[in-house]
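Presented below are the structures under discussion, each in the form of structure tokens.
In what comes next, chain A is part of two complexes: it sits with chain B in the first one and with chain C in the second one.
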Partner chain A sequence: MSGALGPEYTIVLGVFATMIMVMLAKNRTILAYWAALAAVVVSGVWTIILWSDRALPLSLYAQGVTVDGFSLVINGLVLLASAGALLIGWNDERYGADFPALVLLALLGMMVLGLANNFLVLFLGIELLSLPLYILAASGGYAESREAGLKYLLLGAFSSGILLFGLALLYGASGTMVFTQLGNSPLILPLAGAGLALTVVGLVFKLGIIPFHMWVPDVYEGSPLPVTSYMAFGTKVAAAAVLLRFLFFGFSLAVGWWEPALGYLAVLTMVAGNLLALAQKDMKRLLAYSGIANAGYVLVGISAHNQSGARAMLFYLLVYGLAVLAAFAVFTMVAGDRKSVSLNDLTGLARRSPWLTAFLTVAMLSLAGIPLTGGFVGKFYLLQAALYANEPGLAIGLVVGAMIGLAAYVRPLQRAFQAGDGAVVPIRWPIAGAVVVIIAVLGTIGLGVYPAPIVHIVNHSAAFDWLH
Partner chain B sequence: MIPLNWVVALGAALFAIGAVGVLVRKNPLIMFMAAEMMWNAAALVFVTFARSFHDMTGQVMAFIIIGTAAAEVGIGLAIIVSVYHHRHRLDIDEVSELKG
Partner chain C sequence: MFLVWLLAVPLAGAIVTLWAPAKGAKGVAAITSFVALLGYVGLLFVNRAGVNWPWIAAWGVRFHLQADGLGLFLLGLNAVLFVVAILASSEDMGRIYYFWLLVLEFAVAGLFAAVDLFVFYVFWEVLLVPVFFLLTQWSGARGRTAALKWLIMNLVGSFFMLVGIVAVAVIHHQNGGAFTFEIAALSGMAIPAGIATWLFFAFLVAFWIKAPLWPLHGWMPDTYGESPAPVTALISGVLSKAGIYGILRVMMPIFLPQFRQFQLLLLILAAIGLLYGALAALRQTDMKMVTAYGSLSHMAMMALGIFSLTEAGILGTTYYMVAHGLMVGGLFIVLGLLESRTGTRTIQDMAGLNQSAPRLAAYFLFFVLGTLGLPGLPGFVGEYMIIQGLIQSQVVFAVIAGFVLVVAAWYMLRVFQAVMQGPARSSAIRDLLARQVAWLVPLAGLVVFIGIWPAGITSHAVPSLYHVMHFASQGGGR
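Coming up: the complex of A and B.
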């Protein structure tokens, strides 16, 4: 069927449309934002139409890309992430004229990563995702933003180098570049082991797993707020999706090679990431460490190496993303014209804006995993997957990490409910930001109260029959 | 003809030099160059294996790596120049307003 890549083509057209509009206006123009948002919406509708298509799963371009339920769900997640980033940074003069076009380009990279079934597509997706984000990270126009861009660039190039060399060794060991053929080809052992290790390290770098996390807090803190939200949600989804597909499609027969290592990394990341989050005063930095810890939770789904793990991972990515979008939308409104929000800026927020405090509470409780929010259901499914896979260590690590994380997430709330000193300054509500925060909060609560429809979708998407 | 193993060993050596370069050098330009060296080591290994397998996909990958590296250099140099413009010295240890 020809329309299987329709969502991606729509985004390509959207990139051109936004660029042409910026060129015609010779300046930042609201039309570019509308064009970008329209492309995202059309692409989303097309994804939903494809979902009910019977022709899936489909393998195109000499098995280079696979369009299946998994890739469609990833499409939906990254479209949500980019719509959130666009709306949080809606028509903001601080981020330059090319903000919407760059967001769409990075979105294209994320969608390609969801489809990848081949080293070439994997590499192209990673770079298509990273290159616009380097510019976006540096686009804040202040020193910290440039520093974040520089650090992201250097560490990104470094990790892409590791990934590429790993892919090269895997190609040499197997003679094929297609994930699904890796399992069938005779592997030359030391070469394949080294290649797999380097590839996984490269991907885990992008995901921000401890001990490969050093760049995450600095880049998140320095980047402008909407870009940080995009990195925290979108790139996590894309990196996790491609890591899962690479390991499940390529090495489902050699689980012993990667599962123990990823399991230990997941436990380390969940515990250490939440511990490091405890000490943070800057909210972007807090969410950076929270992002690291949540990448650890996501890794639990991958290292459980079964279908319920993949499903729990997809579900968790959605609830994590909604909580992150809500938190970043609130922080953007609180920040106003400032670059960032610290703990002190939150003091007295309950007096200044009870609604924003309520929304922030929902987001933080969801990140901590309190019942009646999506975060609880997501962690519950991950726990279930870890126990199905007979991995009690993963389950214990998850629970310990969540318990430590609760303390980190409650601190900003405690500040928000403290009485502030001085005058009560009202907070401006941009309409676009309000839309994001309301949808994200409703989604978070909805997923916590009635997760069945999303669980149904996720169960149908991650149908990898060769896994038990 | 040069044996396959030697060329792969050369690629591994280039990769190791690049990785060490990124980790120990202080100048962002040199670090960036070292990272590009890691990419080129990978491209060399891809071409080597493609030649021994008589398979074109590895050669295509090498071209894609070269093209992407060019795009990355364009963006990377722009970012490095904009950092340099504001401090007139390039030392990664001095670019450290973000820490904690």
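Coming up: the complex of A and C.
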């Protein structure tokens, strides 16, 4: 079917439209934002239409890309992430006029990663995702932001090199570039093992898994708030999606090679990420470590290596993303003209803005995994996946991580409910940010109270029949 | 449908209080809790039908609520104590305080009605949140520490229980059964022995912490000491019962062989808790902490009743939960009224208050006598049945329990004597107001009523306990 790549082509057109808007109307940057948002919406609608298409799954371009339920759900998630980033940073002159175009370019990279079934497409996606994000990280204009951009560029290039080397070794060992053909190819063993290891390292670097997480806190802290939210949500979705597809499609038969290693990494990341989050005073750094820990939860879904694992991962990415969007939207409003929000800035928030406090409470409780929020249902699904895979260690690591994380997430809440000193300064509500926070909070509660429809969708998207 | 009423009314009322005028919030909350109480009357006398709606079909989770003999009277305890606690709260607490109280009532009602493990767990954790915020904002100087301790200790237990819940469902599924969280379907299932022990303790720790039972009561002193009196009354009166109730509702049907296997260990732990609570209560100088440690000791008494694994013991515990909830709730509220008048909780600073406040002294004495187990009041019935159960299974523990009853009389009467009797040393205090008597009278009346007619509760509880007790009496008791 010809329209299977429609969502991606829409974004390509959207990039051009946005750039033309920037050039034509120099003083009215808001037009570029509208163009970008329109592209995201059209692409989203197209994705929904494709969902009901009977022709899927579909393999295109010599098996280079696969359009299936999984890729469509990934499309939906990254579109949500980019819409959130656009709206949080809506028409803010601090980030420069090219902000919307760069967001769309990175979005295209994320969507390509969701489709990738080939080493080349994988690498193209990674680069397409990373290059705009390097610029976006530096777009704040202040020293920390430039530092973040440079750090991200250097370490990102390093990881791309590792990834590329790994892919080259795998090609040399198997003679194919297509994930789905790896299983049937005779592999030259030491070469293939090294290639697999390097590829996985390159990908978990993007995901921010300990011990490859060093760049995450610094880059998150230095980047402007909307960019941080984009990296925390969108990048993780794309990296997790391609890692899952690469391993499930390519190495489903050789699970012994990667499953134990990923399991240990997941436990390490969940526990250590949450421990590190405990000590943070800056909210961006808190969410950076929280993002690391949550990447660990996502990895549980992958290393469980069963259908529930893939489904739980998709579900968890959605609830995590919604909580992150809500938290970042609130922090952006609290920050106002400042670059970041510290624990002290939250003191007395309940007095300044009861509603924002309520929204922040929902987001934090969801990250902590309290029932009636989506975060709980997501963790519950991951526990199912881990126990179905007969991996009690993963399940225990998950709850131990959640316990530690809990203390990190309730601290900002206690600050918010503490009586502040001095005058009560009201908070300005930008409409675009309010839209993000309200949708994200409603979604979080909705997924906690009645997750059945989304569970149904993810169960149909990750139909990897060769797994149990 | 009255069961849904019990959940929906507090939740709706909670949302309404958010928009109520600051001074009117208490009125809205009081009306809401009263309407919920009416719903309970309907549940008791008109229709006890439960609900069983599909919730998450893919995981076999159903929103299944049921009011059987185990939970029926705890639901009543919940409805009654919330009316009293809201009426006993001050008007200046602000609307958010009443919002959290009503959310708490909703969560507890759901907990006592849930018969699906997923639903049970959802309410089990949701109820931590309102208490956390109540402790954070409306408590003493160390309230924030107390709140963190409460949340973290309780969640540590619950998270392991969560793994246990999922594991039980997965094992049931892998054994060839349906993937379900329905307690009735999971009861008596076969679990490999090694795993079963782990799961047993994963569940037990959660309930042990919530009750709390020694040695996992670390959150208790701070929480009880820092929270405002109505909240303390709710925590010790209603929430603590959730731990004991969970053991009965969730663990008994699934883990009966493990209860038999570890019976002696559990009895010993509970007996140590019984003694520890009573002796610690003797040493306290703060009258609220005397009651708190006394309550710790009574929770251990309920645990002993269950671990006796006899009909009498388990039935006694179901009855004693309700009785103790009403009495200790009333006692904490009376203590709160006393504290608001004297400004202190230290026993040595007060004496002879019965001269200026005879009515307050009378209610104080009433609830003190109730908790120490005076015949005619419900504490006696519950303790009698539990001791009977212990005599049937392990007589040593019956002796210990009997000894603790004496200590209980000692520590409770010591407080009463020091505070109320003797020559008046401090200045006179105001006696109870008419509106305070207005809700203390029905509470006391209810206590007397179930004290002289315990069969009203036990006869309802027997059919629901039948399975549990049938299993238990097969080999647990000797």
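The rule is short, and it goes like this: the second predicted complex is superposed on the first by the 465 of 468 C-alpha atoms of A that agree within 3 Å, B and C clash if a C-alpha of one lies under 4 Å from a C-alpha of the other, contacts with A are read in each partner's own complex, and residues count from 1 in each chain.
In this section, a contact is a pair of C-beta atoms (placed from the backbone, for glycine too) under 8 Å apart; a residue touches a chain by one contact, two chains touch by 3 or more.
Nothing here was measured: the structure is a model prediction, and the numbers come from that model.
A.B. asks: Using the touch definition from the top, say if A:V399 reaches chain B (first), chain C (second), both or neither.
C.D. replies: A:V399 contacts chain C only, not chain B.
A.B. asks: Looking at the overlay, what does A:Y388 touch: chain B (first), chain C (second), both, or neither?
C.D. replies: second
A.B. asks: On the A-aligned overlay, A:L253 touches which partner chain: chain B = first, chain C = second, or both, or neither?
C.D. replies: Neither partner.
A.B. asks: Scan A:I49 for contacts with chain B and chain C and give back first, second, both or neither.
C.D. replies: neither
A.B. asks: Touch check for A:R146: first (chain B), second (chain C), both, or neither?
C.D. replies: A:R146 contacts chain B only, not chain C.
A.B. asks: Look at A:L442 in the shared chain and tell me whether it touches chain B only, chain C only, both, or neither; answer first, second, both or neither.
C.D. replies: So A:L442 meets neither chain B nor chain C here.
A.B. asks: One more residue to check, A:H456. First (chain B), second (chain C), both or neither?
C.D. replies: second
A.B. asks: Look at A:Q280 in the shared chain and tell me whether it touches chain B only, chain C only, both, or neither; answer first, second, both or neither.
C.D. replies: Only chain B is touched by A:Q280; chain C is not.
A.B. asks: Identify the partner contact of A:I30: answer first if only chain B is touched, second if only chain C is, both if each is, neither if none is.
C.D. replies: Neither partner.
A.B. asks: Any idea whether chain B or chain C touches more of chain A?
C.D. replies: B
A.B. asks: List the residues of chain A that touch chain B in one complex and chain C in the other.
C.D. replies: Touching chain B and chain C on chain A: no residues.
A.B. asks: Considering the complex alone, what residue numbers of chain A touch chain B?
C.D. replies: 119-120, 123-124, 127, 131, 134-135, 138, 143-144, 146-151, 153-154, 157-158, 160-162, 164-165, 167-169, 171-172, 175, 177, 217-218, 221-222, 279-282, 285
A.B. asks: Using the touch definition up top, name the residues of chain A that touch chain C in the complex.
C.D. replies: 365, 370-372, 376-377, 379-380, 383-384, 387-388, 392, 395-396, 399-400, 402-403, 406-407, 410, 413-414, 417-418, 450-452, 455-456, 459
A.B. asks: Which residues of chain C touch chain A once you look at their complex with the stated criterion?
C.D. replies: Chain C reaches chain A through residues 54-59, 118, 121-123, 125-126, 128-129, 132-133, 136-137, 144, 147-148, 151-152, 155-156, 159-160, 162-163, 166-167, 169-170.
A.B. asks: So in the complex, which bits of chain B are touching chain A?
C.D. replies: So the residues of chain B touching chain A come out as 8, 11, 15, 18-19, 22, 28, 31-32, 35-39, 41-43, 45-46, 48-50, 53, 55, 57-58, 60-61, 64-65, 68, 71-72, 75-76, 78-80, 82-83, 86, 92, 95-100.
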